[in-house]
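Right after this note come the structures.
Each of the next two complexes has chain A plus one other chain: chain B in the first, chain C in the second.
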Partner chain A sequence: MAYVVTDLCCGCRYTECVTVCPVECFHVDETMTYIDPDNCIDCGGCVPVCPVGAIQASYLLAPDKVSWIEINRARSAETPTIISKLPPLPTAEERRKALSA
Partner chain B sequence: MARDAVIGACPHDCPDTCSILTTVEDGKAIAVRGNPDHPFTQGRLCVKVNNYQDRVYSDRRVLYPLKRVGPKGSGQFARITWDEAMGEIAERWKGIIASDGGQAILPYSYLGTQGVINGLNVGDPLFNKLGATVSERTFCDSASCTAYMMTIGHTPGVDPESFVHSKYIILWACNTLSTNSHHWPFIERARKNGAKLVVIDPVRTRTARLADWHIPIRPGTDGALALALINIIVKEGLVDRDYVEKHTIGFDALAERAADYTPEFASAETGIPVEDILTLAREYATTPPAVVRIGVAVERHAGGGQTVRAIACLPALIGAWTHVGGGLLQLPIWAFPVNWPGLMRPDLQPETMRVLNTWRLGPALTGEEPMDPPIRSLFVYNANPMAMVSQQQKLEAGLAREDLFTVVSEHFITDTAKYADIVLPATTQLEQKDIMFSWGHLYLSYNNQAIEPLGEAVSNTELFRRLAKALGIDDPFFFRSDDEMIEASMDWSSPVLEGVTLEDLKAKGYIRLNMPAADDWAPHRDGNFPTPSGKCEFSSTMAAGGNFVVPLFRQGYGGSQSGETVDPLPHYIAPNESKRTSPDLAASYPLSLISPKSHAFLNSNYGNLPAQLAQAGEEQAVILHPDDAADRGIVSGGAIRVFNQRGAFEAFATLSPDVLRGVVVAPAGYWQRSNRRGATVHALTPPAFADLGRGPTFSDMLVEVASA
Partner chain C sequence: MSGSLTPMRPQPSEATFRVAVVGGGPSGFYAAEGLLRSALPIAVDMFDRLPTPFGLVRSGVAPDHPKLKQVAAVFDRIAHTPGFRYVGGVAIGEDVPLETLRASYHAVILATGAMVDRRMGVPGEGLAGSRSAGEFVGWYNGHPDYSHLRFDLSSERAVVVGHGNVALDVARILLKTADELRHTDIAEHALGALAESRIREVHVVGRRGPCETRFSPKELHEFSDLTSCEPALDEDDLAPHSFASPANAGPDTRAALGMLEAFARGPRTKPRRCVFRFHLDPIAIEGDGRVERAMFRRTRCGEGDAGAELVAIECGLLFSSIGRRSAPLAGAPYDEARGVHANIEGRVVAASAVVPGLYVCGWSKRGPEGTIGANRACSAGTVERVLADLASLAAPPLAAERLIAGAAPRSGSVVDYAAWKRIDAAEVERGRRAGKPREKFVTIGEMIDVGGRRADACCR
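Our next item is the complex of A and B:
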């Protein structure tokens, strides 16, 4: 069933998630990360480390976030794997504050 | 608002025993997460336990003692008090003991919770004192343990953290990512350092998909492969002569025996090409450090014990034990200085005890298996046999007996609890304290109690205190507090616990046993195997004593072992049910069925909970190869009936080339109520025992599948 990165990651891309993933199932592009659903083992280790709470179990997604299941599947097939942390995007801190406000 | 993070440990029968942080607000657990400080479990839990608080607060929890008010199995109960429940149990048991003796009472349990004080052995002292029938619990790794003991003794084997140094890793019948997932980062680090990962499994599991080499194998034929590896290693001069001479016994006899098991023979049995068998043997023997991690599934067929005997010979043969990260990993549980006699109290047993193997529960209750006196009362805790035990139909008939007084201690009204006369409410791990061993790493853990028990739920330790009191027992041993039991559960004077205090353990939640560091430790570099000879025994001296189940699995009782003659040399025992060994049966039932652990369940745990059902699938799926499905006109998602000479169950079909042709896969753990016709895969599984240790033979069965 896999976990899913949602749009809360857009503009932040802290990539803390990749530091805990045991199976290297994160992929990345210039805006956010994605989870390869075929490799994800549902351990959920990435959920608490995400500074903006962008990652969610697919079975728990709100109706307006369900489309992110397919987006993760499609984009993870098109983008490279990321295995170590990147610097957050320049907009990250501002966006995190906005999201937690 | 009072908010705390309480350090605990996962209660489940899984090798990983994760360190858990429970967030508690105003006395309520609101979340659990992995403890990032734990060196092995590293801050992650799993699909089963990520929402453990939902299990605790499920509206289906049993929170009060219940008494049956409808017909057996109707699930109609009324609330009673603990005093009434204990009073009735004591009265019934005293009557049964007076008329038929203690043997007419049968305990039935396993590792629904794995804590040292609430788990495997919590009821043993009481049932030993009552002289009840001994419950021989060979659910898991019993064939493997007997074989392992006979070959290399009760050694922890290779430290799972030493795998980072391995260069050749074989996961044999082990789906690490579903059933041992916290070991994976150590394997992954080895691969980053150039190790090759080989997975031997009939199914291209999620672990096999990530391996460098997946070797599909016909179910139940692993012994032929292991013996062929010995054959090739001997024939091609890949033996570590020095190691064999110094630290093993029986090499010449083994070499002679293995001469029969050619790569061609093994290929015909296993379905693996000869070239691949040769390559595996050569790579394994010449890529040090080489390590084998065996999963529980490797024992689940007619020759399961001898398969593990052969595999356990391999590391000594090539001198793998001389390297850090070389050797064999089975169960590091043997490293923990658990005070087993103090937990089981075999000294309380009468001189002779009657023994009933847990896999024979159904026929024992129906009377098909002669029992004199018959079982008149069944006491179930930490287990759900209706969901997990073979001969399900017989068990159902047995549990329906009006004259059988059944008591079940549980979190939920399981398929088994439904048949109880009295149901008792049990606490979950957040509501109790315990000390935890692991069978997948070398950390002793402490589970701090996070919240007060819900309703009138009690821990198993408290349950047995109450039973002892109701039965009029006055030995103070039966009334020790949990803290006293924890204190007595380990040999604190053992060198592996030197410098460890219980207070430190409680505060930190875990502590690594004082073993040498994983980066330096080759446990059998200089031999020192805990066997009768002190060597790796290719030819087993213990075999002379005949077949046995390790006493840990039978309340500490050493008597009445089955004692079948055991050949001291490893050999191949073909499956009971296969095209090659039972062609007539295969004419009617041509497919081999295996029932591995479901990714989202822990045996039958979580088979009733919404989050795990949402992730595993609400209903039992059976995976078939597309060609086998096409031959039968079965389509993806179609309703199917799976059947053999023993029974039938229904499911829906999933088609995947990840399974071998001729093999079907039914992940186990679904409850009867989530199957279309109320039966699970265990309506079909065979009652036969494996050759050693009376392990089950669930991967040794033929079936046919048709559209329903």
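Our next item is the complex of A and C:
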């Protein structure tokens, strides 16, 4: 098992999740973050802090989100780790409003 | 060489800021990391009252959650950063007054956690068989303050009061079979006692309803996967809309509710049960010389019958798991209402005036909430304040080396990180022989012997 960032994070990238990860296993590219499943210790701490509910335990993923398990594995291997908060993307606030509406 | 400590690294130069961290749990380590990653020249001495570091990761996190304990590798990496020094076996406030510590460092960060269990304050709480969750957790995890305790596991039913993850840990450890625990790092004495346990049913009782628990879905989920135990609910506790998600519920709340709802409909085939009880407020613990039953008042809100009905649960053992608070420390102002060292965003305050050079992080700053990693963000916030203040803080009049050399802890010795690594290696080796990841030493004497720095070995 591991925790997985899903497409709800795209274009938003509040990096609240990164600040509470005890093992620094978040990676990042231009659009979103990814969790390295081999380093994640399954603490679940990142789930409640994500303002858009983008993170979920792999066993709880809806069927249409299961493909994100492999995407997180593949992209985390190709992207740098991120250890502290980034400024949110310019579209972030809009996304948050759209998703919470 | 009584109590002496060989410096592991060259003495920091005069230009270096010296910071003491009190407490070697997650928040203390993340604070040290933040300080040592900063651009300023800083040396960090971390004090812990125990010889062993890692706080509740070692003595709180349940033995059957081994993956979480891998976070210790992160702490180990921090401990090997140049400028870091571990001073184990020294209790600030007992072995060394906080004032002396403050006079020996530019800044002191308190990271003392929340060591004191809150009491329910109901009649009968002092009866034999009535315990706090913290005592049980410390016992099965081999914390030297609790390893001598005995728990009477001869009755069929136990009650845990509280609806947080610690209550789930207590219930799960009580209900797992010895085979499910045998290959974890559970303390040997606890495994032996639990193997003989006659407990078959645990009631996990809370004052509120299913949508107001503090259970994480991850911990709840484990109850659907136990060898001999299945989760259940009691119909009497439920109202028609008990499982409706509140409008603003996050993914965790929704997931937890869904699981509780599934538990209510689950099968009844296994010999052990964990019963989740709701809307019950504890009012008394009764029994003749020892716990025989727990009394609750039904508190279902919105039904107009609150307070009308009394509910008794027969049990031989009861644990209160209703929260913790920080132990007050002489010389640090205490916030009674919050149960933490009084602070504004990490700066310790006395009557809202900042106490210069004194800071706090982790559970002793914000109370016992959040996962291990929440302390990273919390400590980063405190470190920001320290870095902003350091240049304006007075140079310490006393030398830290003298303080460390003169610390005369209970054990007659102090433990540096190299000594902890020897204790660690010995525990892992003992564990290997028993088919466990580690077999902990459960007394301070053993730890210090193995660490190899016992100064008073002759008088044992």
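To be clear about the criterion, the second predicted complex is superposed on the first by the 101 of 101 C-alpha atoms of A that agree within 3 Å, B and C clash if a C-alpha of one lies under 4 Å from a C-alpha of the other, contacts with A are read in each partner's own complex, and residues count from 1 in each chain.
Assume a contact is a pair of C-beta atoms (placed from the backbone, for glycine too) under 8 Å apart; a residue touches a chain by one contact, two chains touch by 3 or more.
Treat the numbers as computed from the prediction; the structure is a model and nothing was measured.
In the superposition on chain A, contact of A:Asp42 is made with both chain B and chain C. In the superposition on chain A, A:Val66 makes contact with neither chain B nor chain C. Applying the stated contact rule after C-alpha superposition, one finds that A:Ala74 touches neither chain B nor chain C. Once chain A of one complex is fitted onto chain A of the other, the partner contacts of A:Gly53 are limited to chain C, with no touch recorded for chain B. Put simply, more of the residues of chain A are touched by C, taking chain B and chain C as the two choices.
Using the contact criterion defined above for the overlaid structures, shared-chain residue A:Pro22 touches chain B and also reaches chain C. Applying the stated contact rule after C-alpha superposition, one finds that A:Leu86 touches neither chain B nor chain C. Once both structures are placed on chain A, chain A residues 20, 22-24, 41-45, 48, 57, 59 are touched by chain B and, in the other complex, by chain C.
The touching residues of chain C, counted against chain A in their complex, run 26, 67-68, 70-71, 73-74, 216-218, 221, 250-252, 255, 370-377, 380. Touching chain B in their complex are the following residues of chain A: 1, 20, 22-24, 38-39, 41-45, 48-49, 57, 59. The part of chain B that touches chain A in the complex is made up of residues 33-34, 42-47, 50, 177-178, 181-182, 184-185, 188, 206, 209-210, 599-600, 611, 614-615. Interface residues of chain A, counted against chain C in their complex, comprise 19-24, 41-48, 53, 55-57, 59-60, 84.
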